[in-house]
C-alpha cells in the first residue's frame, strides 16, 4: 500500500519549481523588512537624514549579500530542475529540506548582521551555506542515480554541476576557516566569492 | 443563471495549484519570523552568543516540525491535484478551506511553541492537523465521486491515497490522545510520525 | 511609437494569473499575522489558556470572513481569466487595480475587526468590496468589448458572469445599508452572503 | 568546466517569470503593512474614526503610487520576458538585480512617505526608479545582443521598448530635478507620470 503511494507522490517538477520560486520570492523580499526607515523624531535636517540612511549601510550590504546568495542558489536549483524529466518522492523531500535552508537564511543573515565580529555568528551563517550546498549536491546525486534526468543531458553537464557545487562549497569552507584570523576576513572573502559567481559570466563575456 | 456560473467557475487545476504553492510558500517562510535574533545588548562574548542561539532550540525544533508538517500536506495535496483532469467549483472551495487550515498552522504552531506543557495548546494543534487531513480526505472523495480524475489513474492508487490519509490521521489522533499521560508524549509521538513520513521513502530505498 | 508599445505590452494572461495568485496567496496568509498568540505571562492554567484562545474568536471570525471574501473574488477572477484568449495593456491595468483592492483588504478587515460597532469602519469595508466587484465588472466589460475572449465561450456564460457580479454587489450594498439599524446587522448579513457563495454549490449538489 | 555550467544555467524564462511574479506579489502586498489601523484607545466616535482614517491619506497615496510604480515595472518586465525565446545566465543575473531593486522599493517608499519634505529621501526614491529602469534597459540590450529574442519580434518593437524606457527615465529624472524648487513639485510630477503610464492606454482608447 505505502509503496503504491510513494510511486505516485511528488512526481511533479513543475509544482516543486513553483513552490521553490514562491519560497525564494518571499525570502528575498522578507530580508528587506530588516531595513528600518529612520525614526522621524531623530531627523531635523537633510544632513541628518543622509547620515541616518548612510548608517544603514551594514544592513544594506548584508541584504545585498544575502540576495546574491539566494540568487546563486536559486540559479543552482533551477539549473538542476530544468534537467529533470520527472521527480519522485525522495527528490521532492530533498528539495523541501533545501527550501527549509532557504527559509532560515534571513535568520542567519540577521544574526551575522548584528554580530559581525563573532565567530559563532559566522559559523552559523556558513553552516547555512553548507546545508544549502550539501542538500543541492544530494539532490543531484539522487537525480542521477534514480534516472530522473531528461534523456538528452550530456555526461559533461552532469559532472559540471557536481564540480560547481564542490568548488563553491570548498571556497565557502575556506572563507569560514579564515575566521581564525578574524571574522572580517571571512565575511570579505565569502562576499567576494558571491560577487564572483554573480558577475563571472559577464566578465568573461566582456573579454 | 447560477447553475451556469457554477459550471464555468473554478475549473482550472493549474490556478488552484499556483495559489496553493503561493500560500504554502508564504506559510513556510513566515514561520521563520518567529525566530528572533538575540538582542545585541545581552551578548558580550562568543560563549554568550552561543548560549543565546542555543536557547532558541525549542522555537527551532518547532519551526522544523511545522515545516515538515507543511511539506507532508503539500506533497499530499499535489499528489491529489496531479491526478485531476479538471476541477469544479465545489472542489475549488474544498481546497480553499484546506488553504485556510494551512494559513492558520503558523498560529497554532506558535501557540504550541509557547505553551508546550498545555493540553489546550496541543489539542488546538492537533485540531489543525485533523482539519488539514479531513479536508484533503473530502477533496479526494469529491474528486472521485464527480469523475474529475484523469482517465488513467488506476483503482489501487485511488485507494492508496484514501488509506494514506486514514493511517496518518489515526496516528495523529493517537498522538493527541497520549496527552492524557503528558503533552511531551504527544509532541514526541507526532514529531516521530512527521519524521517517518518525510524520511520513510529514503529508508526503504536504502534497504 | 507608444501605440507600438501598447500593442505588445501586457499580453500574457499566464503572467497576470501568476501575479494574481501570488498577491492572493500573500494577502490570505498575511491576515493570520493579526492572530496573536496569548502572552505567556498572562496564562497559568489550562482554563486560562482556553479563555485566552477563546477570546480571540472575533479576530478568528474576521479572518475566516476575509479568507472567504478573498476566495470568492479569487474564484471570480480566475473564472474570467480562464475565458480569455489573450490580455492587452488596458485589461492588465484593470487587474492591477483589482490586485490593489485585494492588497488593502487585510487593512480594511483589520479596521472593521477593531471597530465593529462603527459605521465608518463598515462603510470602508464595504467600499473595498465594491471596488473589488466594480473593477472585476469593468474587466469583463473590457474583455468582451475588445474581443479578448476565447472563441468558444457561449453568450450565456458571458451574461452569467455579469449577472453574478451585479447580484453579489447588490447584496453587499443592501448589507451595507443595513447599518442604519446597526453595524451588527450589516456584518451578519454580509457574512451570510459570503457563506452562501462559498457553500452554495455544495448545498445544491446535496439536494 | 565553468563554461559548461554557464551554458546550461539560468535558461528557463518560465522560472525567471515565476520568481519575478512572486517577488512583485510580495512587494505589492508588503507595502500595505505600513497602513496601520488606528489605535482603539484613541477613538470614541464615528467622527474620530473618520479623522483617524483620513489622516492616513499620505501613507495611502504613497501606497497607491508605489503600487502603480510596481505595476508599471511589472508590465515592462513581462513585456520583455514575453519576447524571449530563452534566457541565459547573464540575463538571469540582470533580472535578479532588477528584483533586488523591486525588493527595496517598499523601503525607499517608506523613507519618502516619512520624510516627504527632504531632498535626500526624494533622491533615494528616484535612485530606486533609475536603478529599476537602468537594469531593465541593460536586460533588453543583453537580450538583443545575445540573440535571445523569439524569431518573430519585429525591429520596431525592439526599438519601441528601448525608447519607452528612455522616455520614462527622462521624465523621472526631470521630476527629480524639480526638487531644486521643492520636493512637493518632484513628488507631484512623478505621480503624474505614473498615472499617465497606468491610464494612458485607456484615455487613448476613449478618444
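Order of writing sets the labels: A, B, C and D. Residues in every chain begin at 1.
FYI, a contact is a pair of C-beta atoms (placed from the backbone, for glycine too) under 8 Å apart; a residue touches a chain by one contact, two chains touch by 3 or more.
The structure displayed is predicted, hence computed values, not measured ones.
Participant: Give the chains in contact with both subunit B and subunit D, ordered by label.
Facilitator: The shared contacts of subunit B and subunit D, listed by label, come to A, C.
Participant: Taking all residue numbers used at the subunit B/subunit C interface, answer same if over half belong to both copies and different if under half do.
Facilitator: Different: fewer than half of the residue numbers at the subunit B-subunit C interface appear in both copies.
Participant: Going by C-alpha centroids, which chain is farthest from subunit D? Tell me that one.
Facilitator: B
Participant: Rotation angle for the CA superposition of subunit A on subunit D, to the nearest 5°?
Facilitator: 90
Participant: Can you work out the whole-Å distance between the CA centroids of subunit A and subunit B?
Facilitator: Here the centre of subunit B sits 25 Å away from the centre of subunit A.
Participant: Would you give the residues of subunit B that are in contact with at least 2 other chains, written as numbers and ranges?
Facilitator: Those would be 18, 21-22, 25-26, 30.
Participant: Taking touching chains as linked, do they make an open path (line), a single closed cycle (ring), a hub with spokes (star), an all-linked set (complete), or other?
Facilitator: Shape = complete; every chain linked to every other.
Participant: Taking the touch rule as given, give the residues of subunit D at its contact with subunit C in the complex, in rising order.
Facilitator: By the definition above, subunit D touches subunit C via 17-18, 21-22, 24-26, 28-33, 35, 37-38, 40, 43, 46, 49-50, 53, 63-64, 67, 71, 74-76, 78-79, 81-83, 156-157, 160-161, 163-164, 198-202, 204-205.
Participant: Where on subunit A is subunit C touching in the complex?
Facilitator: Listed in rising order, the residues are 22, 25-26.
Participant: Okay, in this complex, where on subunit A does subunit B touch?
Facilitator: Those in contact with subunit B are residues 1-6, 8-12, 15, 18-19, 21-23, 25-27, 30, 88-90, 92-93, 96, 99-100, 103-104, 106-107, 110-111, 114-115, 118-121, 124.
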